[in-house]
Amino acid sequence: MTAVLAAGALALAGCAKGGGGGAPQGAAGTSQKPLENKAVSAIAVGTADDSKGPAPEVPGAKSGGTVYMIDRDDFSHLDPGRVYLNYNSSVSHLFTRQLTAYKHDDSGNIKLVGDLATDTGTTTDGGKTWKFTLKDGLKWQDGTPITSGDIKYSFERLFADFITEGPDYAETWLVPDPKKPFRDQYKGPYDGKELDTIETPDDKTVVFHLNGAHPDFNFTVAMTGYGAVPKAQDTKQKYDKQPFSSGPYKIVSHITDKSMDLERNENWDPKTDPIRHAYPDKFHMEFGIQSQQSTERFLADAGNDKNAFTFHNAVAPERVQEVLGNAEVMKRSVQGLTPFTTFYNINTKRITDVNVRKAIITAWPSKQIQQIGGGEINTGKIATTVMSPTVLGYEAFDLYGKLAKPEGDPEAAKALLAKSGTPNPTVVYAYNQTPTQEKVTVAIKEALTKAGFKVVAKPLNAGTYYDAIGPVDNKYDIYWGGWAADWPTGSTAIQPQYDGRLISDNAPNYTHLNVPEINDAIDKANAITDAAEAGKAWAAIDRQIMDQAAIVPEYYQTYFGLYGSGLGGVKFDPIEGEQSALDIYVK
Amino acid sequence: MTTVSWSGEPGTSRGPGPFLSVRDLSVEFSTEDGIVHAVDGLSFDLEKGTTLGIVGESGSGKSVTNLAILGLHDPAHTKIGGEIWLEDQELISADRGTMEKLRGNRVAMIFQDPLTALSPFHTIGRQIGEVYRKHKGASKKEARDRAVEMLRRVGIPQPETRVDHYPHEFSGGMRQRAMIAMALVCDPDLLIADEPTTALDVTVQAQILDLLKELQQQFGTAIILITHDLGVVAGTADNVLVMYAGRAAERGTVREVLREPRHPYTWGLLSSMPRLNSSVDVPLKPVRGTPPSLLNPPSGCPFHPRCDYPKLAGPELCFNQRPSISPETGHGDACYLTLEQKRELRTAKIEDRA
Amino acid sequence: MTFPSSTATDAAAESADTAGTAGSGSAVVGRSPGQLMWRRFRRDKTGVVSAIIVLAFFLIALLAPVIAALYGKDPYTTYGQNQPGLLNEFGYPIAPNGGMSGEFWFGLEPGLGRDVFMQLVYGIRTSLSIAVIVTVVSTIIGIVMGITSGYIGGKTDYVIGRVIDTLLAFPSQLFLIVFLPVVEAAFVLPEEETPVWLRYVSICVVLTVLGWATIARLLRAQVLSLRAREFVEAARVTGASPARVIFKELLPNLWTPIIIQATLALPLYVGAEAGLGFLGVGMTEPTPDWGRMFQVGANVYHSDVTYLLFPGVSMLIFVVAFNLLGDSIRDAFDPRTKR
Amino acid sequence: MTSYLVRRVAGALVILIIISAITFYLFYAVPRDPARAFCGKICQPETLALIRHNLGMDEPLFVQYWHWLVGIFAGREFVQFGSCPAPCLGYSFATQEPVFSAIVDRFPVTLSLTLGASVVILAFGILTGMIAAWKVGQPLDKIASSSSVIGASLQIYFVGPLLAFYLVDTMQLIPRPSYVPITENPLDWFTHLMLPWVVLSIIFTANYTRMTRSQMVEQLAEDYVRTARAKGMSSRTVFFRFAWRGAMIPIITIFGVDLATLLGGAIITEQTFSLHGIGELAVRAVQNTDLPMLLGVTIVGAAAIVLLNIVVDVLYAFIDPRVRLS
């Protein structure tokens, strides 16, 4: 699973577009499937059987043809070690394989299964030592076999100085001392040294010796960031544009910012792969298509666009109403809850009084903000929790009655402020200076002022936004943030953000929440090996955090996109939060 | 010399008359601020092979008159009355095509500032040649040869190379020579030279005037020489027309006008001109005051505000009624003073000056 | 948007050439050039109507608070969000034509639901004041630099000349959007609240810095030609101090091009300021801004084209009126050019 | 001629270097840590330091500038990105692609836009201006003149969305503006750029109409034009051969200077129609405080303007024989 946040530009630009449908309200509700605030899917760890290929046939699917993909941006990274962004991940699934991966079934259940590995790995000591066995018949695009040595090498090269954009969980866990910078302890394979915490007793077996217990390490290695890279083909920085395929397709051409062409990789054996189909012969991907244009093209559904889909481009906000009212087009639409949540961090180091924080949440103009963003379909469900419904163990609760009074309750907030003893506290709201955020700020200022706050609004440049809110001693009280769990368990949904021991400059704990009980609970939850049990524990922590009023949840982000009429098997991938290419076929 | 007839009846039918005859010409411009009477009831004649000098201050209508002869005024803002006969062709009522065929061919013009009057973007040769091509239907080659010939004739050295030069590569005098070459390229019957020497050095001035005279003798061209400089007229023209405020103030042969000027304005002009034989101690006397506004010209004699003797002809006459030129032919002027009075006053004035 | 360019310069230069003749021509009628100009201007109906329109805009800008008091609304309150039934769930006005009604004359702003009429009135106030300030300051700087360069000549002239060349040769639009954040960052510590006036001043500074070169170049050329004229030569030869030459001899002959240039520049600055707003680097929320209304308009026009029309048409009227006024003033100064 | 060109180009280079130094210092004075963009979601301080080192940002500013300058001619080697061949303008902080190739990629868009608009401006603006001057004072002139007054006041950011709404959305007369490479489909290239061309050129066209008209009227009053008429040249010849030539000289000069303005207009047009040109790149770079990209776009833009001005000056010498290149 990958993060959406890393691509600040993409995510921010995504919410920058304001506006929405303007036709009378009636048209809106009818054809729209309401998304509920409940866990969207069951997430489980699959068995060795689940991990066997080939992937179950998609009914009606047939092989052949070219599938077109149109999207706004080129893939910023394709070197697995540098992939964090969901968009890069989505395409990487076509040519990069990891030890494990997620398998979706038709009822929306998600299972973690072995991808290159025969199963989801085994641990005998509660998650300190992990052993994976590679499947038979795995080959690189040049026909050479994928060996355990390649897997080891793939992890070793993550220590290189140019690989900085990807996740670094495994790197931190694979060095002797997790407290010290991992690059000080190992410099990567380019000077000939190996990482001795990874063992390869034979060509098929790879054993990881972690420096602590990580019961969900098998989820970690499902991240594209831990995808396989062959030692013989490692071109270092250049690898980012032209990775070597272990999946069903290989890159035949990639013109930055223009196009990328994929062709079938004949050396990929479907029998080894439980999740990937390879129905189309080719993919042609075109970049630089804004959502307005892609929406227009999907609506027109002409020529090659009939066989086109998009990973990321959503329906342009200004066309949403038109699309909703068009039954034919709605048949080729994809909707779903993404793992991405957005919220407003409350700096608990500066606003120490929990009642003031509660008052902020209570007074918050969630409804108005949603309206400015163009309504639910363009933004997301109004959120009330830390965890997204896409995270294992999610529980719905609404401590501050935000669903009942989404426009804010200034009276109740005033009461809370009275309790705190500071009826007119001053809060500094720092925001990303985009047109939409500027307007959101107006709404926030107005709502909080009504409740008795004095609001100082501080605009920050989009390019420096995270630099500004990064320092622990920043001078702001409230600032927007977004998060997606790196894998759908509470450990990455909650721990990086709310573990008080992880507070440091630029660390994701932007609320600077440091509550010993929460820290303890996190440790306990991390140690639970049963996924379902762990889920419950994380949900309890979620409630504790909301009780502390550390954030004002904003949205569980939704995705609403279209594809051409000539395609089948276009599905929403709840892990990446966008369209999936794995089951696609040309009708 | 005095073959010019100064018959003044406008609109009479024409038998075999003078080569050029201007009858009761009036030119009015409409401007933002009102109507300007640039020329008002002007008549004169000109015979072949002679030179008429038109003299006056700037704004007296001399250039306007000549532009009217060529039809070069802006039709949108100009109203022209009267008649202009070139032999048996009336020019004011002539259509555009006729005028185009006439201009540069039978009637040519030389302008004051040869730098601005020549196109800076075309070679001298081309500018001369295109007139020849237009009117004589010559080929490019012929036109070029003709241009070289004309340049040689007006005294430009190395005409074969100079023909390909641009005006800015010529000196002032050379440019004016080129201008003259251009004007004469089709052997015109009438040449209008509008202050042809004003922009030039004195030595060059003389050369150019000599050149004009020489060419006139060669081709028998009639010349109208517009100038504010009586000295130029004295040396070049056969007849003189003094203009003031769009009207003729005095006309006659050079001898008549310069020797026995009758109009007080002409006296003023003469006394403002330095003479070689006059004492340097005597200051030049310019005509006092400024030229009148042509928007609303003074009532009566337009010169009366600047005239030293407006009451001599009677208490009101000069102020209320416009004098017309008399006699109709020969040496005439537009002033109410009697010939006697004029003679006395002139003598006094000249003596005063001497 | 067009940033002041030589298009303007040229027209001004062309009339400037004739500034001298306008004076001598007037002698015919015997009125002072000023009187004559005024007389011509008054007779020009288009000019008078334009002047009235332009004046009306300035009055609107000046009297914005009064208008707000009479109208009973302000540009900040989010009426659409406070009163249910005004905006739909997508944030668009429910009533047709962008929510125009007796209560909200020009309708409501999509999203926040503020009053469009008030936004426009106060937006005009912001934008016009910036344009006026920039016009005045850049004209003054242009005068000083132009005269200095033309009068002193030599190395000073060379340096100023190169600076002017460089400034004029640059894509000013690009520089505007690039330098605004830089200027701002230079003044504010990252932790400090960015005051509204700072953005205001930054915009003025950047527009001025990139704007003075046009008029400076024009005046430099004028001064160069004037310096060679007899009367200035004479003044210099008789030992007049440079100050005297500049103020008594040069400046009086430069007023015509200066005034013409300024009238040409002002609408261009209005356009430039609005362009900044459109690109998202103009005045920030919640300060109402004419240009930012275009940005909102460009985002919502699919569903609410009415919103775009108000800032658009009002700016069109203003710029047309001002350009016509500029033409009339130019004609009044210089009757020779017929338009 | 050659020595003139060499001198002009050398002078342009000096100006560009000065400008680049100033811009570099100005931009890099902005408090901004680009390293964040190259760091994973959970970013360790050590990784940040490493990235800063990889980007060469731990060196003094003048050393960084020197590297940047040298990179343009010699190329650079980045730990973060690998090699960046000359001309290397650095790597974008936001999109992590070489600045130069990003600009080159978008160049055809902006070139198509401005070139097409230039054609419209010059052809249409000069044509209507000539017609107005030819029929001066007549109804046609009045129509041309008054519509040019309005045209000159039509802002891109108003007309653009408005025309898009009526012509594209409502009436569906023309396709939504986008960029189709001319090599791919010339017809689509044309139809998809029609609206941007029109919108970008309106103000300019109107100005050129006004300018051409007044220049023509002025030229027609010039002495040499009168001479031409006195020579018996037909009105047509006088108008087209003599006056036109004179009127074009100031117009070409102004067009040379207007190129910079046109580029500015292109930024707004690209923004209005979401065209991926250099202008849109610049706006995005501003939004992201993408300093290398900003610097690159600025320098390339400035270089283009400076070079085009040289071209215009040379052109000038061809049209006006009085001008000598020396």
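Each chain carries a letter (A, B, C and D) given by its place in the written order, and its residues are counted from 1.
Operating definition for what follows: contacts are C-beta pairs under 8 Å (C-beta built on N, C-alpha and C of every residue); 3 or more make two chains touch, one makes a residue touch a chain.
Quick caveat, the model's predicted, so the values are computed rather than measured.
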Check your understanding: So which chain ends up closest to the centre of the protein, judged by Cα positions averaged per chain?
Key -> D
Practice item. Report back the single chain whose CA centre is most distant from the CA centre of subunit B. Key: A
Revision key, fill the gap. Sorted by contact pairs, first entry is C-D
Revision key, fill the gap. CA centroids of subunit A and subunit D: separation to the nearest Å works out as 40
Practice item. Report the inter-chain centroid distance for subunit C and subunit D in whole angstrom, where each centroid is the mean of the CA atoms. Key: 23
Check your understanding: What is the distance in Å between the mean C-alpha positions of subunit B and subunit C?
Key -> 51
Point to revise | Whole-Å gap separating subunit A and subunit C, where each centre is the average of the chain's CA atoms | key: 48
Revision key, fill the gap. Flagged in subunit D as touching 2+ other chains are 30-31, 136-137, 287, 289
**Study point:** Overlap residues in subunit B, where contacts from two or more other chains coincide
**Key:** none
Revision key, fill the gap. Residues of subunit A that touch at least two other chains are 434, 461, 464
Exercise for review: Can you check the complex and tell me which residues of subunit A touch subunit C?
Suggested key: 17-25, 28, 318-321, 365, 368, 371-376, 378, 407, 428, 433-435, 438-439, 441-443, 445-446, 456-461, 464, 468, 474-475
Revision key, fill the gap. In the complex, the residues of subunit D that touch subunit B are 136-137, 222-235, 242, 245-246, 319-322
Point to revise | subunit A partner contacts - residues on subunit D that touch it in the complex | key: 30-33, 36-48, 50-51, 54, 78-83, 93-97, 101-102, 105, 176, 178-179, 274, 276, 287-290
Check your understanding: What does subunit C use to touch subunit D in their complex?
Key -> 1-3, 5-7, 10-11, 14, 162, 165-166, 168-175, 177-179, 181-182, 185-186, 190, 267, 271, 274-275, 278-281, 291, 294-295, 297-298, 301-302, 305, 308-309, 311-312, 315-316, 319-320, 323-324, 327, 337-339
**Study point:** List of subunit B residues in touch with subunit D within their complex
**Key:** 70, 72, 76, 96, 100-105, 108-109, 111, 113, 116-121, 130-131, 134-135, 166, 168, 179, 182
